[in-house]
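Below is one structure, written out as structure tokens; comments come after it.
As written, the chains take the letters A, B, C, D and E, and residue 1 is the first residue of each chain.
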Amino acid sequence: MAHLLNQIFDWFAAWLGGSVANDSVAGYVVAALIYLALLLNLVAVGALVFIWLERKVSGRIQDRLGPTRVGGKFGWLQTLADGIKLLTKEDLIPGDADKLLFRIAPYVGFCASLSAFIAIPFAGRDFPFVAQHLNVAVFFVLAVMGLEVFAVILAGYASASKWSLFGAMREAAQVVSYEVPMGLCVVVPVMLAGSMDLVHIGDKQQGWFTNWYLFHDPFTFIVFWVYFTCGTASVNRAPFDLAEAESELVAGFHTEYSGLRWSFFFMAEYGSMLAVSLLAAILFLGGWNGPIPVASLLGLTWHNGPLVGYLGNFLGMLNVLAKAFLLVTVMMWVRWTLPRLRIDQVMTTCLKYCTPIAAAMFVGAALWHMTLPDRVFAGLLQSPAANRLLAEPLPGDSIQLDLQTVEAATIARGGRP
Amino acid sequence: MNPAATLPAVLAIAWLLPLAAFAVVWIGYSLPQLAGRRPGATAQRFAGWLATSAIGSSFALSMFALVVWLAYHPLGGDEHGGHGAPPSYSGDYYLLAQFGELRLSIGYYIDALTVAMFAMVTLISTCVHVYSMGYMDEELHEVADHEVATSDGNYLHRPGRYHRFYQYLSLFSFSMLGIVLAGNLAMVFVFWELVGICSYFLIGFYYERPSASTAANKAFIVNRIGDFGMLIGLMALWTSLGTLQFGDTQLTARTSAGHVKMVVPIEQGIFSKLRSEDQHYHLDASAMVRSAETDESAHPGYWLLFVAGLGIFSGCVGKSAQFPLHTWLPDAMAGPTPVSALVHSATMVAAGVYLVGRCYPIFVPEALLVVAVVGAVTLALGASIAITAFDIKHVLAYSTISQLGYMMLALGLGGWVAGLFHLVTHAFFKSLLFLCSGSVIHAVHSNDLRHMGGLRHKMPWTAYTMLAGCLAIIGAGVPIWGIGFSGYFSKDAVIEQAWSFAGANPSPTYQLLLYVPIAGAFATACYMFRLWYMTFVGEPGHPHRFENAHESPPSMVGPLVVLAVFAIGVGWHTPFMSDLSVTSILEQARPAGTQATTSGTLLTELTLPDEHLSHEPEIADPASQSAFFAALLGVLLATMIYVWRWLHADEIRQSFAPIYKLLSNAWWFNELYQWTFVRPTLALSRLFASIDRWVIDPLVNGLARLFAYAAKLLDRVVDRGVVDSSFDALAHGTWDVGLALRRLQTGRLRQYMVFLVVGTLGLFAIASLCWKYALAG
Amino acid sequence: MNWTSCLFLLCSLMAGGFAVAVVLSSNIVRMAFYLVLSLAATAGLFFLAGADFVGAMQLMIYVGGTLVLLVFGVMLTAQSQFVQMRTSSGELLTALILGGALLVVLVSTAINVPAWQPTSNPAVDSATPVITATPIGMALEGYRVDQLTQPDTALRRGMSGYLFPFIIVSVHLLVVLIGAAYLARAKRPVVERMR
Amino acid sequence: MTTAQTIEIDVRTDEMLVNMGPQHPSTHGVLRLVLRTDGEVVSEVMPHIGYLHRCAEKIGENLTARQWVPYTDRMDYLAGMNMNLGWALAVEKLMDYQVPERGRHLRVIIAELGRIASHLVGMGAYGLDLGTFSPFLYAFREREKILDLFEEVCGARLTYSYLTVGGATADFPPGWLEKCEAFLDQFVPVIDEYHALLTTNAIFIKRTAGVGLLSAEMAIDYGCTGPVLRGSGVDYDLRRDGEPIYTSMYEGYDYEVICQRAGHYPKDQEYPPVPIEAVLGDCWHRFYVRMLEVVQAIGLVRQAMAKYRASDGSFGEPMKLNQKLPKGEVYLETESPRGQMGFGLVSNGTAIPWRARARSSCFCNLSVVSELCRGCLIADVPAIVGSLDIVMGEIDR
Amino acid sequence: MYLLGHLLTEPVGVVHYMIVGAVLFTCGVVCMATKRNALGILMGIELVLNGANVNLIAFGSPYLRGAEATIGLDGQLMAMFVIVLAAAEAAVALAIALNFYNNFGSIDVDRANQLKG
């Protein structure tokens, strides 16, 4: 049975891969459409789940039950009902609005949010689950997520409302500032892995949880929290949700939005939350490499056949999604617990705390990386089995320039090796 | 014990201890301030203790190093003097980088001078640290700065910055010791800049005060001018010698494969390259030119050496506040007084003199002459201004400038030991004087001499320690018996060298270099006693302040006494060990080949006499006597004016009004720089602003008019009836073209853009004629 | 016709089309928006040409820069309902004619150089990914790991990488930022602003 | 010494008028604030009121004194019981009527429970103003329990008309005191939750401490009262400093007026300490005063229940609906949760007051808002307005 | 049409990128020549630089040229420096625009004609 399944899978993979390699438009389009459908589903369904989750989490935090009725138990269809309601709502555009920009802004936001997923892998090693395997994936994701702020500014400007404009300006200031510490934080795992390829970064952390970059050294541990803070700020979640601060700016940049357009902003927000959390999970929490290397222990690796390897990858995908969901839940927890900061305090947090801390941690991690052997803590804790895992070469290692090459280059320049 | 291993280690620890104190204070105090946490008074006091104990330990280690040095290098023996290289140890602590041949390393060069400087710097720094505990006391709590008014009309209230003071003080000590210890010029330069930064921070300590922040900026910028020259000097040395190391260094390298150290042959330093043993330590200018064929007559290497020497000296001019870059030092007095004592009199400003001394082997006689002349000018300038200043710290600041001039003069005239000896003694008595003035300021809360007077009853310790300092600086002593305060010996050494120089160079211009220091001795005595009298003798100038004056706390008086002892005795030979004295230690460090009578290559009549010649009685006796009488006259003059009151200061001031005005305005140097540098820059920019109107307009208009006139001329000369109409048309056309051309200058950005495109297209069109791909070819 | 051509066509039409839209629009915010789209499409072209690091950089930096442009546009032209900044049609026509001429010149030059024509034998097959991030990083540190096989020894000795330009650019950026901060402030005498 | 100074300014900007309200999430009903802002900095705040004006006072001049009682609890609808009490005491003062002892204790129980309920809303809504939603629901959870108790007493949950001229409309139902006891027992530990959620929350402190400074002088000048006044350090509470007819109600009770004295609040050690950033008179202190007053009120209710149990006799007799009033003029202020609520009454001897007036505490408290908001950020405006804890129903009447 | 046909039959080459670059460049130039808004001119500059970048990338692309003809990484590095310097230039230009606004109350560059002849 397994043999047959392996055969079928091989055939499918060959068809899919072959069609891309043969450079045929049809094959490419099919592949692209499949990827798009999968990612759209992830973001849209993710948003559905998150909105439901947010209701339940907030309910529990506030000593309530949250939705209970729609869809039978737990109100699990509540978001769908909301969606239908939003679809049927009147679509309002203010008279003074810049109609084109007003209409287009939500889609810009959603596209930016969705595009980030193109380069985010969900499983790695021999057969990465990723729509487009980029060797600058981290950089790409950060760059694309930065585009979302455009939607907010365009919406704020086009709404022809002062409150919206306030929200947009706040968002601009906030996001541009927070990109600095966030970038600094992201550079730390990039530096440790020696690659900007997310697949490679994730693979580098394989094994037990001690190999996660979170536990790589004390500096990365702190960097993770700084990153998470900045990530929260960059996706506009409480306590940094100044762009839509309802007690001050009515609803900020989306004051004038209603119906479907508004829901696109909403989906973009949840998509970004997921993207930021996924990035955090891959960069710091080992990505698809769990606290316990279940797949390896069970032998679900590519060496034992493609189907088995695929299963292992699938487990890894569930793993990374679980971590991301957990981080998103933490964001919700924070949102329903803390008051909102003031704009100057938000900027202070960024410029006076996050940026210097991130910079210092970057230097610290670099020094640690330079002076101490890799995985000091992991070496203390890990089992022989995990050590064996580590000994296996990584598929991404071929990307790395070996030291000999560098040395040769140095000598060619007449330098000291 | 192997001194080659012990000394670098001990001195390195002594050097790094202040850095550790700085790091602890910075991480423990200044970083949390970012998070809004202000340390309390106790915690801040702890920072002070930390820094003080660090520098105190450094002092102890330096003394240990001095003892080790003396134990292994017996003094007095003339085993090397004039014939061999001084005993020294050099090497690298850490190799930073290697760019081709240039090795940048943290290295050390230890000789007697290094050890002596270490002891001197750490001792004074320790004293100042202890002193500051009392002086900076008010910074422990919230401070109301009465010199700064906020926009709402109140005085500025700010939290105390006690710990920050100590933080910078520690950093400064570290940097200064770094200069002293440095094994190569690159490292010197780095620490050179670091002390500059520390000086900037410390001058601007009260940065809310406009005067302080301006002074800090000024000090920093003026120093940059000098450092620019220094960089040129470093480049000259590096490009020609390929190294910046002072001494010969044994290279060790780590192989890339393992961790085995391989010993690479010795790398020659600057000193041995320029004055190699083969050449009997004579300055070998040909070492500066790397190509084999050197033309003796063209002296390219000699010129390069001259440039290198001048370059390094220009750095020293900035740091040591020599003419013409001396203007920053008086302004630097805006910092707290302990800073003035440590940074701006005893150590940092002396670093310039130290560097000239350290790099002495590379100075050609002509460069030394420049040093001497600049030193003499500075000497005269500083002394003359100090006579008229009323701010107690300004008097001392100009005095510092003047004394630095003495040192430079001595170095420039070939008195290597004399200059550095004066550096050491000056460090002690000038820091003493500054600390005393700080004590006075602390007591009366004013800098103005006119607000003081009669204070010796109120604060006897301060008064008499300061008297000791004054006597030391004027060089009080008895020439016949040969005893005196420390300044007596060092200043005599300088003047003796000048005397010796004047004897060796009969040219009348060179005689000036003798008269200036003697006149300076007179002025020094005059203004120092004027200072002391105005402060401690006579009637109180400001009764209210006098009432509230009091002796300073023991933590301030203690350092005064320690320094006073040194100010009196540092020039003496140690009892029972007559070999042990500062001069003999310095003599041990004299660079090889510099103890000989040398003459210039470019200026052939210039002769720099051997320093030992100046100790001959026929030179030494008249020199020390003339210095003594000059000083005595100065004291007498001051006493006549301020104690006996035979002469009235105001009358003198009125009768010499123009001179007084010149001096009290510090020779108008600040105004001079305003006129020579700032204004021309403005004028130049104005020139550019109007260039359009003055160049383009007349051009276009003139062209049009030219054609118009030409047309009219033709019109008159040629028959009107025949060609009248055609010429008219031509003239009009030209006129129109002129107008049209004029209109091209619209000032519109966008039209210029269009012109740009037209031009590009035109170029393409032309290019297409010559090049086949340009246009659809 | 293959997928690279398809995507190239898409991206280039977007880049060119929105660039034209920037020219034609008169609303500064819309202009900025079109500019962003044009720049993003150009980033897509970079990705297609195998320069993914530069593409991502384009997205990040240019788009960030344009974001600020947008904000400034909103800030500085907010009340411009009354101040119309229309260009006269004559100027517009001149510019368009000149621009057309320029375009013709550029395009005809591009078409007529044989070395720039499509090659059937590219250095790397378009299905093979190229690794750019690490070599670029190494080049900025002064190591040209992509040029180790350079046969010409003189060239190899000269391939010093881009360390020096990198440092100069860093310093330049710093200087420019300070200069911009200095330029952007305005000094006014004290005015009682509050109370 | 002072040289000519220059300051650096940003781009030349124009000021902008922004309407905050009357339909705005954080203006507590229908308050309209016109903000003059320079970017995010508010240079002036002009409150516009009157959107909830219902001619309550005019209505009072057309109804008998007892008939107007239901209208008073629609003024400060969050503290209806205290409104009722104020009017009842004013009329009783005119009639020179003294409520029997049992009625007095009953009134203390009800009034202090009303104070707790009102402060709970103030606290929850303040959290909402600062962007946190959860404390609001935590506050309402407990407030609901108080409303349950009120409902059992008088049948209404918002507009009670329970305390009335002459006493109350009814005595407590059997078992009510035990329920009240049980509520208080479980309520005390909940207060620590509130402190954890808001009072000691770092962000909450950042948002409130040092914001909206109201000096004691200014508070007195503007006629601010209640927690707003006490938050500025003025030790003044009508329950202790008022007229005899009101203070006699609290005679024999052991409680403290919450106000910072000598740098400390009473009970300071048992409750969260004052953060160092907080300055007397800022939003944080106004909030904290309310929180501590809740604790005081619990103690008062407990004492009053003990006294109520111990006393016997009538709880008071409500006056007849059309009872004639003695001729005269009377004015009485009571300490309502939001400050001094004054009722004035001029009677010409008929059953219907010739003039009926109410002095609104929130009106005075609100008047200081433009002073407090000058130079603050937009985000501070809700923080400041929220800390004043206004109820538009009372202001507009 | 010729170009399009070209594209349909042959793979993408440097020339295609150059045409896109030319379009961007021309648009930038026209933008600079027609916009009166200082920010519009800035946008024109960005477009011009971008057009140049497209060319640089195309010359350095290994997909578009033979191994001996491509300039390799240098193209990308140049483009990178152009981007960085464009960012710097935008910073200064915006500062100038701000100053301009402070002085003229508008960012209409036609008002800045004080240098006219």
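Note that a contact is a pair of C-beta atoms (placed from the backbone, for glycine too) under 8 Å apart; a residue touches a chain by one contact, two chains touch by 3 or more.
Fair warning: this is a prediction, and the values are worked out from it, not measured in the lab.
J.: How would the remaining chains group if chain B were removed from the picture, with no chain shifted?
T.: one piece
J.: I want to compare two interfaces, A-B and C-E. Which one has more contacting C-beta pairs?
T.: Of the two interfaces, A-B and C-E, more C-beta pairs touch across C-E.
J.: Where the centre means the average of the CA atoms, what chain is farthest from chain D?
T.: Chain centre farthest from chain D's centre: B.
J.: Rounded to a whole Å, what is the gap between the Cα centroids of chain A and chain D?
T.: Taking the average C-alpha coordinate of chain A and of chain D, the gap between them is 48 Å.
J.: Would you kindly tell me how far, in whole Å, the mean C-alpha position of chain C lies from that of chain A?
T.: 27
J.: Rounded to a whole Å, what is the gap between the Cα centroids of chain B and chain D?
T.: Spacing between the chain centres: roughly 70 Å.
J.: I'd like the Å distance between the centres of chain A and chain E, where a centre is the mean of that chain's Cα atoms.
T.: Inter-chain centre distance comes to 32 Å.
J.: Of all the residues in chain B, which ones touch at least 2 other chains?
T.: 151, 750, 754, 757
J.: For chain C, write out the residues touching at least two other chains, lowest number first.
T.: Expected reply: 1-2, 4, 53, 57, 64, 68, 76, 91, 94-95, 98-99, 102, 113, 126, 132, 135, 144, 186, 190.
J.: Send over the residues of chain A in touch with two or more other chains.
T.: Where chain A meets two or more other chains at a single residue, that happens at 414.
J.: Inside the complex, what are the residues of chain B that reach chain C?
T.: It is residues 151, 750, 754, 757-758, 760-761, 764, 773-777 of chain B that touch chain C.
J.: Contact residues on chain C for chain E in the complex?
T.: 1-2, 4-5, 8-9, 12, 15-16, 19-20, 22-23, 28, 31-32, 35, 38-39, 42, 45-46, 48-51, 53-54, 57-58, 61-62, 64-66, 68-69, 72-73, 76-77, 80, 83, 85-87, 91-92, 94-96, 98-100, 102-103, 106-107, 110-111, 113, 115-126, 130, 132, 135-136, 139-140, 144, 146-147, 162, 165, 169, 172-173, 176-177, 179-184, 186
J.: Under the touch definition given earlier, write down the residues of chain C that touch chain A in their complex.
T.: Those in contact with chain A are residues 1-4, 6, 27, 29-30, 33, 36, 40, 52-53, 55-57, 59-60, 63-64, 67-68, 70-71, 74, 126-127, 129, 131-135, 138, 142-145, 148, 156-157, 160.
J.: Any idea which chain A residues touch chain B in the complex?
T.: 352-353, 356, 407, 414-417
J.: Which bits of chain B are touching chain E when the two form their complex?
T.: Going by the criterion above, the answer is residues 692, 696-697, 700, 742-750, 753-754, 757.
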